[in-house]
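The structures come next, written out as structure tokens.
Look for subunit A in each of the two complexes below; its partner is subunit B in the first and subunit C in the second.
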Partner chain A sequence: MSFFTLQFAALLAAALIFYYALPKKCGWVVLLAVSLAFYAWGGVKTIFYLLFTAGTTYASGLILGRFNRRDADEGKVRAARKKLTVAACVLLNFSVLFAVKYWDQAAGLFSLPRLSLVLPLGLSFYTFASIGYVIDCYRGKQSPEKNPLKYLLFVSFFPTVVQGPISRFGQLAPQFTAAERSADNVKRGLQTAMWGCLKKLIVANRAAVVADAVFANPENYGGAFYAIGVLFYCIQLYCDFSGGIDVARGVALTFGIDLTENFKRPIFAVSLADYWRRWHITLGTWMRDYVFYPLSFSRPMGAISRFARKHVKGKAGKVIPTAAATFVVYLLIGIWHGSSLKYIFFGLYNGAIMTASVLLAGVYSSTRNKLKINEKGAPLHFFRLVRTMAIVFVGRYFTRAPRLLAAFAMLGRTFTHPCLYQLTDGTALTFGLTAFDFAVIAAGVAVILAVEFFEERGAKILDALDRKGALVQFVFILIPLAIITAQAAFGGDAIDASSIYRQF
Partner chain B sequence: MKERKKLSSARWLVIFFVTLVLLAALFVPVFNLAVDPYGAFGDRLFGWWSYDFTLNPRLAKISYLKQNADKYDSFIVGSSGSSSIPVADLNEYLGANFFNCMFYGTETATFEQTANYLLTTYRPKNLVLNLSLMTAHTYSVDEKDLTNSAHPDVSGESAFAFYLRYLFASPADSLAKVKYRISDGYLQTPYKVFNQQTGAYDKSRRDAEPIGDLGDYLSRDAYAVFKDYPKANYSLYHVREAVEAVARIKAKAEQTGTRLFVLCQPTYKENLDYFSKDDQAAFFNALAEVTDYWDFTLTPASYDPRYFYDSTHSRGVVGKMELAVMFGDDSVYRPEPFGRYVEQGSAPGAPECDPLPEEEYTATVPIICYHQIVKDGETNASTATEATFESHMKALSESGFTPVSIYDLKAYVENGADLPEKPVLITFDDGYLGNYEIAFPILKEYGFKATIFAIGVSVGKDTYKDTGKAITPHFTLEQAEEMKNSGLITVASHGYDVHEVEGLDAEPVREGMLARRGEKEADYVSFLTADAQKMFSLLGEDAGFVSYPSGKYDERARVILREAGVFATVTTSGDPMNKVVRGLPQSLYDMGRFVVGGDTTAEELISGIER
Partner chain C sequence: MREKLIEILKDCCPDVDFETETSLIDDGILESLDIVTIVTDIMHTFGVTLSVDDLLPENFNSVDDMLRLIGSKL
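Take a look at the complex of A and B:
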């Protein structure tokens, strides 16, 4: 079920009524029931994948917990058994992920039979969250959850199950039973969710039309429109994804549950690394905690490290292991996005730039010193902003183009055959958007940028709104609600007057 | 310390939920009520009935009549085939004001409800009930969907349920109407197929469509259906119910003092074959038990697809023939025997009629196009010498051609008048003085009719308008009058001021009768209408014959000209062997011409127009 449907609104309303009407100790049961209903709506069959992941990780957690307790009790470390448990669990779940999401693509390369499995909703999100829990149990950082239903709620929690944020058990699960129930939270939750809805319904859905049109028939357009297509895709992607996360966080907050932040104004990133700390944050931190650190401190990496220090002089030798681990992480992030070659390249592209910037950090800093560039000056900051945007922008050709080679071709033609005349000959109005729609997108983007600009400077906009008078607050209820209701009302297909009259 | 809040979160939530509920509950009905795409609430905001009729004619037409009852005193009731009965002609014959209340579908039960409503509510002077065999096939369909629901005053449905359904219809339908309204233009489109004034289909485009040669007609996508007409068998299950409904309508009409005309509409022959002869006979005999009626089901027109615009609907020209037969108007052509009058109590049986041979109602008329004629000297693609012209006329005469005027063709297509054995139309574009000084005497000598297309702004001029730049001289209005008085020459229209020249006229230059680049449609329509009107005031009715300047025009120009009163047009290209069809005035539109240059020999001319 999508957040942006009337059914979801109805489900949420019912959930809130039960949640607040029933005693506090029943809260988590309501959330579990709603989560399962929400998930089952998309297809009853795929819920077995979710139950499988929940079951195996729940059991692994219990086993690891027992080993940890015995370690403590008997002073005898069962490292091998624990490793075996965690490896088996990880392998099992990633095998499912691979089979469902990547097998058909890989099978195509090696002409093996395809499985054509239906992709369960949110598979990579809940798999990552569950695996994170198992590893935390392995590390002894997390004591295992004994109640299987409470654990199932963590895996299937409806605001997060479709598109994240990828939650940590330790952060999320305790809130199921100890959430602060307050009108303040419900209000903030609704405000956040409305903001997300506006981003998605007003801006993302319109921007998508342009991106889809350009990438569906690239042969119809010159390079300038490829760039415009990518730009609208960037707008769409951010407004869609961050809008969805806002709705998720807002919805969770109406139940008093605070989800981890997933976006932190990525437009203001000053480097690619900074960008990945602001974009899809929970994926980045997951990778950091469960891939980057273990990899950096692993035995093979230790060997590489020693080798590098010995053979590469200076600072570079020291950072080579970090660089290598970084590269692997970004390659994995690329693969996480999808199975086709273009995503692998997207991972390589990010990995290569990140690795290069780690390796060249020293060179940059000495160059800046030589050029006497003020480290804290606005020009350098601006240059970094633009540079980061350009890098991300180019990367988006690869995630949006239909195939890897098409991405290269389109990127090339952006510069070699821009066909600038198309910008003024009305081509823009052939995508299915009117001039009014473009104005709406522009206004929407301007509002979002303004809001994020002030937030970036530390303003708390919703807190400021709280201090306004009742009328102002009412306006900020009425306008978003009116827009959302109108969108919901007009979402259906009209009876096309042109099609009524046929052969009469 | 925490700042004092002006609005507590609890209150905020109350406001939020009240707003949400009110928006959800009120937004849809208020919007639907205002925009009213189905005309259920009287369409007070837009009054765009041609759109509302299209979405649901059964409903919207009744709503429309509630507001415009005083404009009408007579009605047509029937299915979509009734649209071909020309309201203007009917008004003239009966001295009445008709509204065509026809709708989609052929359910006699709904005809009866509609007729009952109209008779009781308005006590009209006349009621035309237009039937077809299909009305005995589908007697009633109980439809409650938005596009087929009848008005509750007609159907007797609970008004509450009815209005609730339209109040809470998807607002997307209302939004669609707003969007169409914003982007709406001059030409008729599939979302506004009705003429608001008459209630009939808006045939402004259909009636301006050039139709001539049958093969060419069938090659168009819209008429492909006639090449491979779908086969089917329909049984008439409801003859009894349908006829009883007619009897009740008749009784009601007698009560209200309304004159009732019962008609059976023209049917394409292959469509008629859907019904067995026995079923046909049963229907017509049963109908004759209850009423007198006119039966136009099968006429010679039923065999020619050019009289039909789709597989089941005849053109307005056929409706015109029906009325002419009914009211004894012999000035209107119709292929005989055209229909039959059936008296109550007789047993007419199934209709019988043979097709007419095509040559009895079509003629091939070549058209020749000259421009300038000079004494002697230099010639080019648009200039011929006197000697050449004379040789052409001689050759036409010797080959047995008889030059005719556009009025001869008009009389042929409209009144069924005869044409000579080998008709030909001689035309001249631009209205040069040479036409008067050189061509006219030769034409007189031969007694040949010809048409000269004058450019309004250039009449009597030898300089380009407002510039003083010398151009080939043009004859004056007096000279035009003199030629006209000879009874041979028609001075027709080449447009008043639609020959713009790059460099002499302001940019962007208008190409022929097309819109200027970036010109607003409303401006263009009024410009072209005014241009045609100027020609009418200059030349009188002869301006109803137009030669398209530079051959540049489009469908929109054609429709605008027709609306302005233009009845015939020629182009600068196309097949010069024009097929004109009796009963089809459209065959005078976009006629092709054989363009004669300075070096065209008499032999070339004759072989070009004698195929």
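Take a look at the complex of A and C:
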């Protein structure tokens, strides 16, 4: 079931009625029932994958908790048993992820039989969240949840299960029983969800039409339209994914549950590292805590570090382990997106730039000093913004093009064969969008940019709205609802309830 | 020890005033890349072993926090 359907609106309404009508202690039971119904709607068979992940990680958490307690009581550390437990659990769950997501691709390369398994919704999202819980139990940072149903709610919580944010048990689970029930949360939740619906239904779905048309038949277009296709894909991707997250956060907030932020205005990033701190934040922090840090302080990395310090002089010798771990993390982020070579290259591309920026940080700094460039001046800030946008923009050729080689070809032709005449000969109106649709996209992007510009400067839009009268606040829920209803009634093909990140 | 630590920190992030900052992690002044570089430098310079479990905000929010952490490992 998608967030952007009438069925979901009906399910949410029913959930809210039961949640607020029943005593507070029953709240988590309502959420669990709704979560399972939501997930089963997408396919009863695939719920067994979710139950498998929940079952194995729940049991591992209990075993690790028992080891931790015994260690504390007896004053000794059973490191080997704990490592074996966590390794078995991680291996088991990532094997499922690999079998479902990557096996068929790998099988094709080595002429092995294909499995053709159906990809369960949100498989990577709930697998990552559950594995994070197990590792936290292993590290002793998290006490294991004893109630299997409460744990199942953490894994299957319906606002997050399909496309994140990737929650941490310690942040999310306590709220299932202690969430504050207030009309203010319901109102703010609906406002946030409506904002997300606008991004997705009004902007992303229209922008997708252009991106899909260009990438479906690239032979029909010159290089300038490849760039335009990527631009509309960037708009689609951000409005689709961040809009979906706004709905998830808004829906959770109607139950008084505060989800972790997943986007922080990535358009204002001043470096690729900054961009990844603002885009899909929960995947980045997951990678940081469960891959980057452990890898950076692992024995092999320690050996690399000692070797580098001995043989490479200056700062470069010191940062080589950081650069190597960074490269591995971004390669994994690329693979997380899919098994195709284009995603692996996307990871390598980001990893290579991040690694180079770590290794060359000293060179950049001394060059700025030599050129007497003001570190805090507006020109440098603007240059960094544009540079980051350009790097991200080029990277998106690889995630959107059908194949890796096609991405290279399209990127090359953007510069060598722009065919600029197509910009004025009416080609833009052959995608299936009218001039009105383009105007809607432009207006939508302008509004989103304006809101994010003020938020970047510290403004709290919802707080400001809170200070207005009840009528104004109500209207701010009704306007998006009216726009969405009008689109549903008259929009025709522009309605698409699916979300890009569900497939991951 | 303090001077050596500040030297390490300044080498990694020359623009930060480590003498006065007390929320290096909470305010996002030090990022994960900085943390790893600083921690590996601390391990090499002071001969201590730090692990992922030591990577808590309360251990890296200020120079004093870091000195306390190093002291506990010596």
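FYI, the second predicted complex is superposed on the first by the 481 of 504 C-alpha atoms of A that agree within 3 Å, B and C clash if a C-alpha of one lies under 4 Å from a C-alpha of the other, contacts with A are read in each partner's own complex, and residues count from 1 in each chain.
One rule holds for everything that comes next: a contact is a pair of C-beta atoms (placed from the backbone, for glycine too) under 8 Å apart; a residue touches a chain by one contact, two chains touch by 3 or more.
Keep in mind the model is a prediction, meaning the values are calculated, not measured.
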Inset, instruction - Identify the partner contact of A:R288: answer first if only subunit B is touched, second if only subunit C is, both if each is, neither if none is. - result: second
Inset, instruction - Classify the contacts of A:A21 with the two partner chains as first (subunit B alone), second (subunit C alone), both, or neither. - result: neither
Inset, instruction - Identify the partner contact of A:A482: answer first if only subunit B is touched, second if only subunit C is, both if each is, neither if none is. - result: first
Inset, instruction - Check whether A:A183 is in contact with subunit B, with subunit C, with both or with neither, and answer first, second, both or neither. - result: first
Legend entry - Touching partner for A:V358 - first (subunit B), second (subunit C), both, neither: second
Inset, instruction - Give one of first, second, both or neither to describe whether A:A79 is in contact with subunit B, with subunit C, with both, or with none. - result: neither
Legend entry - Of subunit B and subunit C, the chain that contacts the larger number of subunit A residues: B
Inset, instruction - Mind working out whether A:A325 is in touch with subunit B, subunit C, both or neither, as first, second, both or neither? - result: second
Legend entry - Residues on subunit A lying within both footprints (that of subunit B and that of subunit C): none
Legend entry - For the subunit A and subunit B complex, residues of the former touching the latter: 182-184, 186-187, 190, 466-470, 473-474, 477-478, 481-482, 485-486, 489-501, 503-504
Legend entry - Sites on subunit B touched by subunit A in the complex: 3, 5-13, 15-16, 19-20, 23-24, 27-28, 31, 37, 51, 54-55, 80, 104, 146-147, 170-173, 175-177, 180, 189-193, 201, 310-313
Legend entry - Interface residues, subunit A side, partner subunit C - complex: 139-140, 273, 277, 288, 292-294, 296-297, 305-306, 309, 315, 318-319, 321-322, 325-326, 358, 365, 375
Legend entry - subunit A-facing residues of subunit C, complex: 11, 14-15, 31-33, 36-37, 39-41, 44, 50-53, 55
